[in-house]
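Quick heads-up: structures coming right below.
Shared chain: subunit A. Partners: subunit B in the first complex, subunit C in the second.
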Partner chain A sequence: MFWAIFPILWVIPFIFQGEALVGGMNSPEFGELAGTERFVPFVLIGAIVSTYLFSSLYGMGGSIRMESYWGTLEYILGSPARKISVLMGKALSESISSTLFVATQMVICIFGFGLTLAVGKILPILLTMLLLVAGLYGMAIALAGVTLQIKESRSLVHTIEYLFYLFSPIRYPVGIHPLIASVSVIIPLTYALIAIRGVWLLNQPINALWRNIGILAVLDVVFIAFGYSIFYFMEKKVRKSGAVSQY
Partner chain B sequence: MALFPSTDRMKRYMRAMNAENMKEWKIELTYRVDFIRGMLEPLIFVFPYVLFAMSLMGGRTSSVLEELTGVSDGVTYTIIGYIFMGFLNTAVWGMGFALRKEQWYGTLESIFVMPVPRWVYVMGMALHSTVHQGIILFFQIAVVYVLFGVILNVQGVLPVLILVALMLISLVGLGLMVSGLALIFKEGWIVSEVLYSLITIVTPIAYPLAVLPPLLQKLSKAMPTTYAITGIRHFLIAENMEFPLWDAYSRLIVIGVCWVIMGLVIFHIVDRRVRREGTLAEY
Partner chain C sequence: MDISRNAIIAKGLVKTFKKKARRKYLVGPKIGKDELIYAVNGVDLEVKKGELFGLLGPNGAGKTTLVKCLSTLLLPNRGTALINGHDIIDDPIAARESIGITTGGERTLYWKLSGRDNLRYFAALYGLSSAKAHERIDYLLEIMGLQEKQDERIEKYSTGMRQKISICRALIHDPLVLLLDEPTLGLDPSFSRFIRSFIKKDLNETRGKTILLTTHYMDEADQLCDRIAIMNNGKIVAVDTPENLKKSIPHDEVLEVKCVGTADFEGIGQRMYYRTENGVSVYRIHAEYVEEIMSEVIKAADSAKILSMNVTKPTLEDVFIHLTGARLTGESREE
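Showing the complex of A and B:
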């Protein structure tokens, strides 16, 4: 319930802040950067899509940590199953629960905040979200590997979450500052949000967004390969040092 | 039994509070990288709010905000609100989670059999969290001064410190409540997160009270953070307040007393309940 509702409630201070700064729900200055003057749908879509970010950051590393806490991590890593199957299983479970949260949030946004979504736009949005999830879980696999080594990775994950909020267009367009714009190019969330907002808010046809979707797909391959390599390396290291069972 | 503890007993309580404070500092400073990360993180947390404001205003000033509050600098307005709201974190996370951490370490029962009341332990944690947040606050002010050129009225520092102290009294009460509830709910992070999110929405952190819907305005007026944040901005950047200054002080005192009493009562009830049920040490 918490994860289905609160990411949307966290947007409310931004709405009040916007009203206090521009006296309404539209800002021409915001429009110049974001392509839409309506900042409320912009931040709401950012909040919905960032649910997958929470899930990938906290879910995978957290589940490895919980296996360690329950004392079942050694059995899982020692089982004849391929590690990638174990990781994919965890990613699948996380992505299903996140999708349920996202669906609930969409309903809240449509009925509570007046956000509209044409049926024809659902498929391209789902396709983009799928690509985003693949990239984010690539990163999550790397974090799961890091968790094996450093054990208590929650603080690190918390900082990464804040950095993602800072350097990707979740709350504001990244064009606001050159440094933010240049860091955002390596974050999959940037391309996913541009594509999803393009379809959902700006009514752009999907073929106008192929460039962003293409880059997102390339980043997916890089993140998954990088994530699995990190996990493989960390797992070998932890096995050799005999620290698998340590909490 | 006397209503107030004797001087000798109070001294013992103070020593116990300080011991708890020192223990937390020792644990924190053992993990130095984590400590540095903890100092930087609240700063990173503020940036999205500032950048969002800048993207809406197309700069750092807003005529609408000036009309509402008398302050045109939306960046400074937002920064002041969010950095002082950091004290809410100390209440709901620092204090509220103190007992949960001891449960996790397996030391809660040992602490609870010490010859001091349990609230003394939570107050020790409050002391630590407040000093910790105070250091973060000064660090944040120094960084935003350099990065955003935030100019504050230095003459307002003394009344601001009084407002912060009064707000802290209420937040100690809130911390006592949360730490009590964490003993019942075990996974108390949800209690902390829900309270933190709701108080953040109704407190005029980056907007004046006037933009809130009437129902939220009423709720906001029951929050100590509303009077403290608005008062702090009044003294530091001359925000026009929607209530007299005397109201801010008096309401902070009344809310503080009420929340502390409520916090002590809830904590006492929960403490008795978990002891009777034998669930105190359960994680």
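Showing the complex of A and C:
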């Protein structure tokens, strides 16, 4: 429940801050950058989608850390099971809990903040979310590999989390600064948020989604390949260094 | 290398760890040099199919590192090993399928899960179908006498019961080779006796499992093993049956002196070592003719009060001292 409410609690100060700065819930200046003047729904969607960012970055690496602490990691790595299957199992468990959190958030947003969602828009949004999750789990697999070696990876995860917040349109449109706009092109969250907000807030036709979904799919392949390579490399490294037995 | 006769073959295994020199500050020059530690140093080993083979050595001898290399958890720097004919480097998955492993320490299970659920999870990791896993778990819990406790969380188990579950886990996929690293470490005498008997009679003699057992308890190695490799500083210094190892030392009698207080027996006999047991000093003095040194021993006891003097046969610890000049740090246990 904490994780369901936390992103909403996190977003409320930004809503009040925005209201104080622009003098209301809508802003023409904001609209020029974001394509919508409705600041509150823009940020709420960012908060909902970023739940998957939280869970994927902290989930898999944290789970590896706990296995290491419990002393069970050696038995997992010493089993004939394909490690990618074990990681996917952990990812699936994270996805289910994240989806429950997102559903709770949606209910809070719809009944608490007046956000509306037409039934016909659910499927394209789900497709986009699915592709986003795949890309984020590519990154999570890489972080799980790094956790095998360095154990306490929270500082690294925090850094990545803040970089994602800085360079993707979770709280603000990336057009706010040229550097942020440039870096945002390699972050899957950017395309997912643009696509989801396009359908949800801007009433764009489904056809307008395909470009962002295509890019998201390509980034997924890159992130998953990158994540698995890092995990494979780190697994070999810890077997060489003996770090697999340390906790 | 005879694959048909041997379940475990290690050839020139070397495993080193780098001990990095410290820096005075976060950056800047190191104090001293990086050190390369040879945890396993050129180990050649052949364990026959169905053999109960012991690795005996003090803490830090390299036993656990060797077991971890054989179990594919550590990649050796040089050399390789075959487990049931599968190369641990080229074909680690097949090697893992042939191995069941227990390592020392209590924290190797999910404490918030029941004993049965722990075994179910590991059965899945070894690719057992649900029905097969159910059947194996029932069987293993029964022979370990844990049916009544199977649904209780591991955190409520005693140390001995956790070790039984660890052994069940090692056996869940019915492997041909068992690597048991200090299986009785920290257990009370009754659990130790049960585990030893189970390893020897049930697993080895009845089921014909090949077992590589590491221990620093000499009496455990002596009682259980068909053959023993004595390990020190990463090297195997001798391999033979316990009886032959004990025969290998040049004198077949040892004078064991128990006394209160410390005595100076240095220079008496050919070799002497000392340990304490429950506040009593125990000296084992090796000599060619024990009778000839008794008067010297009584004289040298000085202020120490001698409780007993016994002429005993050499133990594996005597063999270890004879071979390495050091002594095993683990005490033999009262049972």
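Quick note on the criterion: the second predicted complex is superposed on the first by the 247 of 247 C-alpha atoms of A that agree within 3 Å, B and C clash if a C-alpha of one lies under 4 Å from a C-alpha of the other, contacts with A are read in each partner's own complex, and residues count from 1 in each chain.
Criterion: contacts are C-beta pairs under 8 Å (C-beta built on N, C-alpha and C of every residue); 3 or more make two chains touch, one makes a residue touch a chain.
Predicted model only: the values in this text are computed from it and were never measured.
Of the two partner chains placed by the overlay, only subunit B lies in contact with A:G23; subunit C stays clear of it. In the superposed pair of complexes, A:A103 makes contact with neither subunit B nor subunit C. Within the superposed three-chain model, A:A81 lies in touch with subunit C and out of touch with subunit B [touch as defined at top]. When the two complexes are overlaid on their common chain A, residue A:R239 makes contact with subunit C while staying clear of subunit B.
When the shared chain is aligned, subunit C comes close enough to touch A:W70, but subunit B does not.
When the two complexes are overlaid on their common chain A, residue A:V221 makes contact with neither subunit B nor subunit C. Between subunit B and subunit C, the partner in contact with more residues of subunit A is B. Within the superposed three-chain model, A:L123 lies out of touch with both subunit B and subunit C [touch as defined at top]. Of all the residues in subunit B, the ones that touch subunit A in their complex are 34, 37-38, 40-41, 44-45, 47-49, 51-59, 62, 64-65, 68-69, 74, 78, 190, 193-194, 197-198, 200-201, 205-208, 211-212. Subunit A makes touch with subunit C in their complex at residues 69-72, 74-81, 86, 236, 239-242, 244-245. The touching residues of subunit A, counted against subunit B in their complex, run 2, 6, 9-10, 12-14, 16-23, 27-30, 32-34, 39, 43, 155-156, 158-159, 162-163, 165-166, 170-173, 176-177, 180. Contacts from subunit C toward subunit A in the complex involve residues 17, 65, 68, 71-75, 77, 93-94, 96-97, 99, 101, 103, 105, 107-111, 122, 124-127, 169.
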